[in-house]
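First chain A sits with chain B, and in the next complex the same chain sits with chain C.
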Partner chain A sequence: MKLLDLTGKKILITGAAVGIGKETAILVNKLGAEVILIDIDENGLKEVIASLEGNGNQFYSYDLNDLDGIESEIDKILFGFGPLDGFVHCVGIRSRRPLSMMSPKLLSEIMCLNFGSFVELVRCVTKKNNFNKGLSIVGISSVSSLRGSAGVTAYASSKAAMDCAVRCLAKELASKKIRLNTVVPAQVNTPAYKDLIKLKGDAKDDILFRQYLGLGEPADVANIIAFLLCKGSGLITGSAIPADGGFLST
Partner chain B sequence: MINPMELTGKQILVAGATSETGLTIVNQLGNLGAKVVMLDIIEKKLPEIEDITARDNVVLYTFNIYENAEIEAGFNQIVKECGVFNGFVYCGGIGGVRPLSLMKYDFIKNMMNANLFSFVEMVRCITKKNRFANRGSIVAISSVSSIKGLKSKTAYSASKAALDASVRCLAAELSEKKIRVNSILKGWVETDMKAAFIKSNMELNENDDLKKQLLGIIDPIEIANTVAFLLSDATKTITGISLLLDGGYVL
Partner chain C sequence: MTNKEKIRLIEETLELEENTLTENTMLSEIENFDSMTKLTLIVLCDDEFDKKLTGEKINEFKTIKDILDFMD
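And now, the complex of A and B:
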């Protein structure tokens, strides 16, 4: 038996057009899984799908800001695809805004997409007949959930909310044999990181100051996500697993 | 004799001040010498409130603290009439229990609004130029639910975890202005026991969740004292923490 094996498993991945979501789709597919990919970026999804093996993979262009439409969308998708063994939520927007320019509206928007869509998706995929026993759910959090830094109040609170919801839901859904965890990356070499570097300019060295193993690659994070989806991690639930190059230890 | 928690000469704003815990906080801050400005959604005509507002170092303002659009104008008025603040306490917020299968985002959003959005908006409004003193201190009342998972308390817990995360970020950001921001993770408090949702929560979470609180139930005065501690100069360099006040609940 291989430790990482997802043969015949069906996995839903949101935010799958770029970065960590994209690498996760590629990796779990290589490990034998069929995937459903959701993202707002249809062209990006088409590229990812084209690089995958097998004919059962599907993609849907959907804006997860529309929480009210998620239930019917998921029911429709899973009616054809069959019940899920895994769900990975990679959708999320970064936001940088000093307090003086913050507003409840901005907080609410970030919370809705980063956290609201996660809980709504978890609710929908854990409905009867939408999942198989052993379903593993993984959310992508951030070290900012655990460590404060200036200007990221909205983003950090949405990720802390996700980590906390996973603790509560892991307990609540344990009786259905469902596990939930989050992966907690520090800086990862994604388009969002490249934007940050541009923004920071000369101060870019500070960004990785505490991350003493250096910048992570999306594939590094995808490995950890894949492990959490596999049976081998069957004892892990309600946890926030660091993928942080040492960030949280300093 | 010295009192390191002395608050004489400080003006403190307490939002959510007419709850039982809020009133206890206001009363104790007053006892420690502070001038206290109370703020809450409605002016309930309870005798306890009348007693406290009768003190000459306490004033009460009322507007809907959960209506985001009202906060800025409300704070403009308060600051205009009361001057510079040395401390801000947020003990507003709401509770609630709901299993995942019945939990739509409206329920979560309502909780986030009362427990996070209002807090951040108030911090923004009170830390504007010339409104908050150098070395001022901000304290938010959070809950151990922020760090411990409980069935059917997802929305409440997540809103408190979000509050604590905002406290860390705001502490980092406002350190430039020498403003401190902390929260208190409270366990079961005596006043909680009167709330209707607690009973259902107890039933949902096996056994008696209270038993986890090894030192027993918390008296609101202890919360008031801890708030005073974090507001006072005794904690000049404590910032960004979530202080456990839980009788050993998380052990």
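And now, the complex of A and C:
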């Protein structure tokens, strides 16, 4: 048995137009899976789909802030695509905002997209006939859910909420043979990281001192997601798996 | 918004006393002008002026006038 093999599997990925979601779509497709990609960025989705192998891949432009519309959208998508073997939730707002500039509305928006859409999607994909036995669900969390950092209260709280939901739902859904985990990246080489370094000036050395295996790439995180989707990770559920270059050990 | 009004908005946002700042105030002279202060100004430009200020750009600014010009 190959450790990383998703031949014939069907996997839903949100936030798939860029970054970790995009890299995950490309990787799991190479490993044999058919994918459904959801993102608000339709042009980005078209580019990703064009780079994939096979004819069964699909994409849907949808704003996951609309929680009430998710159930009908998922039912419609899966009616044509068939039941899922995997679901990866990469969509999220990466917000940096001091407390003095926070508002109830902004807090609600971040919690809605980063956390609310995850729980609602899990509810919908775990309905009868929407999944195959062995369904694996992976959410993208962040080391900020476990370590304090100024200016990211809403973002970090939304990721901590996701980690907590996964621990609860892993127990609740185990009898249906469904596993749930989160992957917990530290700093990944993205435009947001590059701007953070410019803002903090001398922060780069501090970040890389703590993240002593170096800066991660989206593909590094995608590798761990792919493993969690495969049979070989069948004993892992309810966990937050670090993809942090050692950050949480310092 | 006039420059005087913008300066007052910056003072309020950074919780500084009125008339603490002028157009010529050097950013490095502002008390506790650190990465959180810069982040606060970035969010202010986005929220109030719909201007996307980056970490790289704000590090090029020397005086309050540089911020006022960016807000236009």
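We adopt the following convention: the second predicted complex is superposed on the first by the 232 of 250 C-alpha atoms of A that agree within 3 Å, B and C clash if a C-alpha of one lies under 4 Å from a C-alpha of the other, contacts with A are read in each partner's own complex, and residues count from 1 in each chain.
The rule is simple: contacts are C-beta pairs under 8 Å (C-beta built on N, C-alpha and C of every residue); 3 or more make two chains touch, one makes a residue touch a chain.
None of these values were measured; they are calculated from a predicted model.
K.L.:
Just checking: does A:M162 make contact with chain B only, chain C only, both, or neither of them? Give me first, second, both or neither.
P.N.:
The first partner, chain B, only.
K.L.:
Let me test your reading of the model: by the given contact rule, A:L199 touches which partner, first (chain B), second (chain C), both or neither?
P.N.:
The answer is second: A:L199 touches chain C but not chain B.
K.L.:
Under the stated touch criterion, which partner chain does A:G232 make contact with: chain B (first), chain C (second), both, or neither?
P.N.:
Neither chain B nor chain C is touched by A:G232.
K.L.:
Between chain B and chain C, whom does A:L107 touch in the aligned arrangement: first, second, both, or neither?
P.N.:
After superposing on A, A:L107 lies in contact with chain B but is clear of chain C.
K.L.:
By the touch definition at the top of the document, which applies to A:R96: first (chain B), second (chain C), both, or neither?
P.N.:
The second partner, chain C, only.
K.L.:
In the overlaid three-chain picture, which partner chain does A:A170 touch, first (chain B) or second (chain C), both, or neither?
P.N.:
In the superposition, A:A170 contacts chain B only.
K.L.:
For A:V119, is the partner it touches chain B (first), chain C (second), both, or none of the two (neither)?
P.N.:
In the superposed model, A:V119 contacts chain B only, not chain C.
K.L.:
Going by the contact rule stated at the top, is it chain B or chain C that touches a larger number of residues on chain A?
P.N.:
B
K.L.:
With the two structures laid over each other on chain A, which partner does A:G151 touch: chain B (first), chain C (second), both, or neither?
P.N.:
Touch status of A:G151: both partners.
K.L.:
Across the two complexes, what residues of chain A are contacted by chain B and by chain C?
P.N.:
Residues 98, 100, 150-151 of chain A touch both chain B and chain C.
K.L.:
Looking at the complex, which residues from chain A come into contact with chain C?
P.N.:
The touching residues are 96-98, 100-101, 150-151, 195-201, 203.
K.L.:
Of all residues in chain A, which touch chain B in the complex?
P.N.:
Result: residues 67, 98-100, 102-105, 107-108, 111-112, 115-116, 119-120, 122-123, 126-127, 144-153, 156-173, 238 of chain A touch chain B.
K.L.:
Okay, in this complex, where on chain C does chain A touch?
P.N.:
13, 15, 35-36, 38-40, 42-44, 47, 54-56, 58-59
K.L.:
Going by the contact rule at the top, pick out the chain B residues touching chain A in the complex.
P.N.:
68, 99-101, 103-105, 108-109, 112-113, 116-118, 120-121, 123-124, 127-128, 145-154, 157-174, 176, 240
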